[in-house]
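Before we start, here is the structure in question, set down as structure tokens.
Naming follows writing order (A, B, C, D and E), and every chain is counted from residue 1.
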Amino acid sequence: MKPRFAMYWAASCGGCEIAVLNIDERVLALDAAFDIAFWPAAMDAKYRDVEALEDGAIWVTLFNGGIRTDENEHMAHLLRRKSRLLVAFGSCANEGCIPGLANLSTRADLLRAAYDGPGSEHPGPARPQTAWDAAEGTLTLPALQPVLRTLDQVVEVDYHVPGCPPESHQIAAVLDLLIAVARGESEAPPKGAVLGAGASTVCDECPRSRDVKRIRALARIQQLPPLDANLCLLEQGLMCAGPATRGGCDARCPRVGAPCIGCYGAAPDVLDQGARLMSAIASVVDADDAEHIDRVLDGLPDPAGTFYRFGLARSLLRAHRAALAAEE
Amino acid sequence: MKAMFFPGCSMQRNARAYLDSLQAIRADIGLDLTEIEDWNCCGATEYLSVHRIAAHALVGRNLALARAQAGDTDVLTAGCSACYLNLAKTDAQMREDARLRATVDDALAAGGLAYRAGSLKVRHLLDVVCHDIGYERVKASVTRPLHGLRVAAYYGCQVVRPDYDRRWDSSELPTAMDRLMRALGAEPVDWALKTQCCGGHMTVIGPEVAFGLIRRLVRGALDAGADLVATLCPMCQLNLDAYQVEMNRHYRSDYHLPVLYFTQLMGLAFGRSPGELGIGREFVDAMPALARIQAEPPQVAEARRKRRPRPGDALPMPRRE
Amino acid sequence: MVQEKVGVYVCHCGSNIAGVVDVGDVARFAAEELKDRGVALARDYTFMCSVSGQDMIERDIRELGLTRVVVAACSPHLHEATFRGACARAGLNPYLSEMASIREHVAWVHRDPQAATAKAKAIVAGTVARVLRNEPLQAIEVPIDARTLVVGGGIAGIQAALEVAEAGYDVHLIEREPSLGGHMAQFDKTFPTLDCAACILTPKMAAAGAHPKIHLHTWSEVEKVEGQVGDYTVHVRRKPRYVDADVCTGCGICVEKCPVVVVDDTFEAGIGYRKAIYWPFAQAVPNLPVLDPATCTYFVGGKGGCRACEKFCPTVPNSIRFDQHEEPLTLRVGNIILATGFDLFDARRVAQYGYGRLANVFTSLELERMCSAAGPTGGKVVLRDGHTTPRSVGIVHCVGSRDRNYNRHCSAICCMQSLKTAHLIKERTGAEVYDFYIDMRSPGKEYDEFYQRVLDDGVHFIRGKVAEISDVPLDPGEEDGRLYVQVEDTLAGLRRRIPVDMVVLSAALEPRRDSAEVGRIFGIACSTRGWFIEKHAKLDPVATMTEGVFVAGCAQGPKDIPASVAQGAAAAARVLNHIRQGVLSLEPVRAGVLAERCSGCRLCNGLCPFNAIRFDAEHGVSEINAALCQGCGTCVAACPAGAIQGSGFSDAQLYAQIDGLLADLRRQPAEAT
Amino acid sequence: MPTAIPTPSARRDGFLAEVMAATPGDHRLDQCIQCGSCGGSCPSGAEMEHTPRRLFALIRAGARATVLRSNAPWYCVSCYYCTVRCPQQIHITDVMYTLKAMAIRAGLFHDTAPAGFSETFVDYVEKYGRSFELGLATRFNLRHHPLALAGMAPLGLGMLRRGRMDLTPHRIAGMAQLSAILERAKALEAAT
Amino acid sequence: MTAPAFEPVIIGFTCNWCSYRAADLAGTARIEYPPNVRLIRVMCSGRVDPAFVLKALADGADGVLIAGCHPGECHYLEQNYKALRRHRLLLRTLAQLGIEAERVRLAWASAAEGARFAEEVRDMVALLRALGPLRWPARPIPAAHAQATTPTQAAVTEVTT
């Protein structure tokens, strides 16, 4: 019998699933090597099918998405129990990603925005209920938790594959590695390893030319004159997260003139990507008095959202103070 | 150039010539002034002498009104030195002294007003004319240059001192008005008393002290060859002009040195009539001096100090640059 | 991983610490509650720094196999070296020890014993956590090139150069003016002995000029410095003299024949003249003329006219070389002494004193030139008209110094210089001299005695800062044409207007205008006001934070001639010390780049003021020169990739210390429930 | 037992502290080095009983009554020469205002004329929101220099003839607002 | 029994040349200040990584003091300006996370300013007492990382095709 494979999405956009399917015919190797035990995006299966399996019956689960609801948490625990290897797959599972930015707001704020804001079909205050008695019986919905957590903040994780989504060539390589390990043809990487990523940062792969940096002004891309195609974006006044972001993506974004926004997370051994980036950028602001520094920083209207676009939930502070207070 | 304008009590009455001439020339130099609606007295030097802190609240009301009415400009200008300084002082001291800021905020709130220190740039009219409008713009409006008129540019005290926002090249010997006079075609005289005191309120509370100061200024300007004094402050004008008569009586002297506002001289150079500019309101008649204006620039030999006489002559003077 | 064994030593410091902190409790805490964090042993002792205290540590390392040591005592600035020494003697790498300051930061500043003890425990816990992350480090060794660069040919630089050269080592002496001498060469007499400045300086200038070990580069400036202590490469720009130094005999015919006369703003301080081709001054070293292209008719007139100097030059080949150009020069040296001197305050800035406007207001430097027998007036003190002897003279102290509007510092020499000027004027003119001072500062050998002597001369001393100097009479009784010095005579309690014919302003000594730029070139710190910052104001006054760069003379702060000479000699002694050692050991607290982590983003490249970070374009990574690195750690904190590591102050150490310092907060709730 | 060394602010006490506290801004009054550049620069310094420098020494000495009795602050013409020339950048003119206000409150200054002029001026401002020169001159001179009134008449008439003086005061519209502001400010000032 | 009054805990980063020596001087001069601050010596305020500040806050500190040499007087010439720049940016970020600017103070104290150092601490403690505890809840530390003080993402396996 082939070893079992599972893939599951929690709080995420589904892009990671597409990314796996997007590796062309190489996805067939996956099917050849594994029995697909559970993969809601690709085939029909029920939670009870998973529950019915013995603990450890799934050889590997790729888990994407952060933990935002009780259902997410339940599934994280369930799949952890059933899987020999649990892989945090993609930025959401690893560091919270865009859904993690919701940690800047409280749950009440989120619900207000979703249900009272423009586009809501409900006139007047309406909130989803976790249990509702209807004629057919009690209807349930999973509860929204106060903040989003990363997978490894909830259960033990064996490997991490970063990226939003992970790049195709990296996914294929990770699958090849897993298949080889499953077949005993290769040694398993050490627990906690980051797979499918570079050892340095995006700049390492970025072809743009670079010089000593002095930031005199920062602006958004639409506010800048046409960019030089060969020069470092940061040196052109664009906030590029490349210097502080783990490589492996082949610098896809800066190559085509879009700044890196940081989806591969922190560089190896870096505790907090946002703090690093903040420190690096501030260090090269070309101003020495507070007022002048502030004028330069005014070009960066949303520092938390910029530096922690992907990593907020994983960061040292994780969430807005009010959101955490609700968590307590 | 748009700015809020604080005329102050003097400009409305004893210095009407200043206000009239300013009104007359505004359009010529593209100066768009909006008077603060329902402003109150700045307190001169007197309010500060009685209520040390409340004086700032008094000024604070003007700042708050100006800020609220300012729209898209953040410049507040005043023509009177004392008004200008009081506005600038309150703003500067509110910026550096949190306790004062809190007190003024609190007091203004009692009147339903608020002012954030630093949100207006308080500037004297001369500063705006010289540094924002600029000499070139002024020169472009001159239709009747004041050739041959020798002017002692007199700044008095409170515009160039203490100069909270470093607007001037010197607190002792500034040159902005001299350059303005040159732009009008007049010849500024070289004199060292241009920021010496006119006597201030001493004319009222200790006239002898004031007469000494006035005499020194009048004599100094005449010795330097001035035909008249150009001033930028109602108090200076009043002391040098009206009290010149009193001073002459005190010293049994007979000085006749007319004192006009720089705006009046601007108006003349722009081709406006003396009447329109309030000329005639002064005690020492300015017309004889103004009669010296010539059609052509006088042929004065450029009395440039030569730094290079032959050795054996006098020692060279230090560079002036 | 080896099980680490940390020894914790809590010092009583007599009752200094034990009087407030329960030292026994701190030791007990370390032994019991930090046991699972690696503490193998904790002791408290009366004086850890004593021989027996150190012996205790050494014994424990040897006998119990301690692998880390924490001493909770005074500030590491006092005894870090002591305890590192103890570890080293016992065979433990000294960088595996740390101190926790529980005296200066706890016992001496807090009164509540309970709170103080709790804080001491937290500090010990933090230090234990940190020391576990320490790594053994080795001192960095660099060989020293025996050649030395001295920048500045004033008295301090000359002294330094002579000292090093006399010891038998090569010195490159760079001077940006065409001759050695500096400000001292401009002075007439020197206080308090009144020896002639030229008489004592020129022999030294000549000695420096002729010394076989001193390589003189005048009319030259340093443009760029690369390398580090022991091995500097210095790029120098030599300005063209338009005179061939190898051929010129110094006969002076060219100067005589030159028809262009200009004011000499440099040596003659603006009160004398020179030609377009000129001698810097009579005793210049090297004794060669220099041609000033800004005033020479040949250059000003678009390379056409005059050429009188060339026509009359008697040497073969001709010494006048209109085709000379700026030349680069590269020097290799092991140490650098900066003796770049001072600028004189521009007295025109004090508008109310009228300098530059009132003819008979002079600066002290102008007066020095006037007093000099070789100066423009042949040593006669006269008014600006060039012939009238003043009947009365005012001397104003503190012009531009001790004044927040200009310079806050005391220029240190002006009081004595003013006294000397007063004496010379009195001696040469018999004029009444009024000396206006705020405080009379004469704290040097024989200095106050000189003050007494000038009192004997009959100089009038008036204590008060001069308010203004004016030529406009105030009262009808005042005379026209005189200068009035308006001052509050603070001792008499009077406001006075003192009529004089001449005023001498004792102008401040200021940092060189370009000192910040020079500081950057040499990688040393310059205060906001512009004086170079010494390593330690009292105990290391000629060294700087940059190993191998020393300062001497007024570049470090205003001082008189004896102090400048002493500093020049002291800096030379420090350089000789390096040279004799041959190899220098540097503290290993340095940053380094992990090449495999570095992406070559170049964010760090502009962050190092010591130019220790270099970009290796070939490999696309940045590198840190350990010898240049001073260990500030700014690049470590800024590296976005975490590729720069700091040895001795790594992220791991600091995170651990934060963790340890706050560990008690995490324990508390657990205990409470 | 370790003894705390008092901080500089704690060391300033008594009259000096009082004057400092009553003067807004970064006035640096405690920084005086007694150089006398203020007294030397003062246009009316020759007439002052004490130069600013001496006043500052007296303030330090705690000579409250001598300071507040002095005519010096009243002879200050607000020319700010002392302030810009002070090597310690003490806001000397601002301290003079403080001393005047303190003298009025303490009732210590003997010659009531200068204080009377200031108070008369303030009265008009508080009544109308603007100053009123004719009223000020008449009322001040009536009270303090009744004999001078006749001597001043030509000047006053000259002013009137040249349209430089109004016969009636102007009252601002927001008088109630201004009063509320000043009342509150004075209450706060008194509380400090 | 009443709950004890809130006493904030402050982590202070002090530079080796100025502010740490200022703290030493406060000691030798016996200038008393509240015991709420716990100091860490760094060579320069430029060494202070914003992550240190975040970690201190996340680990339970109520405030962080960063003290360096006065601007223009840095022993490393200009590195305290880098500290200033980072501080300006950090405050903006913290504000978005609901953390008050008073909790992260940047101060300058020369080696001669023991009194000033003590005053900064006193002032900050007073402000924090008024502000109340930060109460940042403990991080849910992933099991695999529970023992590690530093983030050990173990050995990194680079997989590229």
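Keep in mind that, in the parts below, contacts are C-beta pairs under 8 Å (C-beta built on N, C-alpha and C of every residue); 3 or more make two chains touch, one makes a residue touch a chain.
Quick caveat: nothing in here was measured; it's all calculated off a predicted structure.
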item: Separation of chain B from chain A in steps, with touching chains one step apart; value: 2
item: Which two chains share the largest set of C-beta contact pairs; value: B-D
item: Centre-of-Cα separation between chain E and chain D, whole angstrom; value: 46
item: Centre-of-Cα separation between chain D and chain A, whole angstrom; value: 68
item: Chain B-chain C separation of Cα centroids, rounded to whole Å; value: 46
item: Separation of mean Cα positions, chain D and chain B [Å, integer]; value: 23
item: Per-residue overlap in chain E, given as positions that touch at least 2 other chains; value: 30-32, 49, 51, 55, 71, 78, 82, 86, 118, 150
item: Per-residue overlap in chain D, given as positions that touch at least 2 other chains; value: 2, 81, 84
item: Residues of chain C engaged with two or more neighbouring chains; value: 108-109, 111, 352, 607, 634, 637-638, 651, 655
item: Touching residues on chain C, where the partner in the complex is chain D; value: 20, 108-109, 111, 352, 398, 402-405, 438, 463-468, 486-490, 493, 495
item: Interfacial residue positions of chain B with respect to chain D in the complex; value: 9, 12-16, 38-41, 43-58, 60-61, 82, 92-93, 96-97, 99-100, 103-104, 106-113, 157-158, 161-163, 171-172, 196-197, 199-202, 204-206, 208-209, 213, 242-243, 245-246, 280-283
item: Touching residues on chain D, where the partner in the complex is chain C; value: 1-2, 33-42, 45-46, 51, 53-54, 81, 84-85, 87-89
item: Residue ranges of chain E in contact with chain A within the complex; value: 49-51, 54-55, 57-58, 71, 78, 81-82, 84-86, 88-90, 92-93, 96-99, 134-137, 139-140, 142-145, 150-161
item: Sites on chain A touched by chain C in the complex; value: 199-204, 210-214, 232, 242-244, 247, 266-271, 276-277, 279-280, 283-284
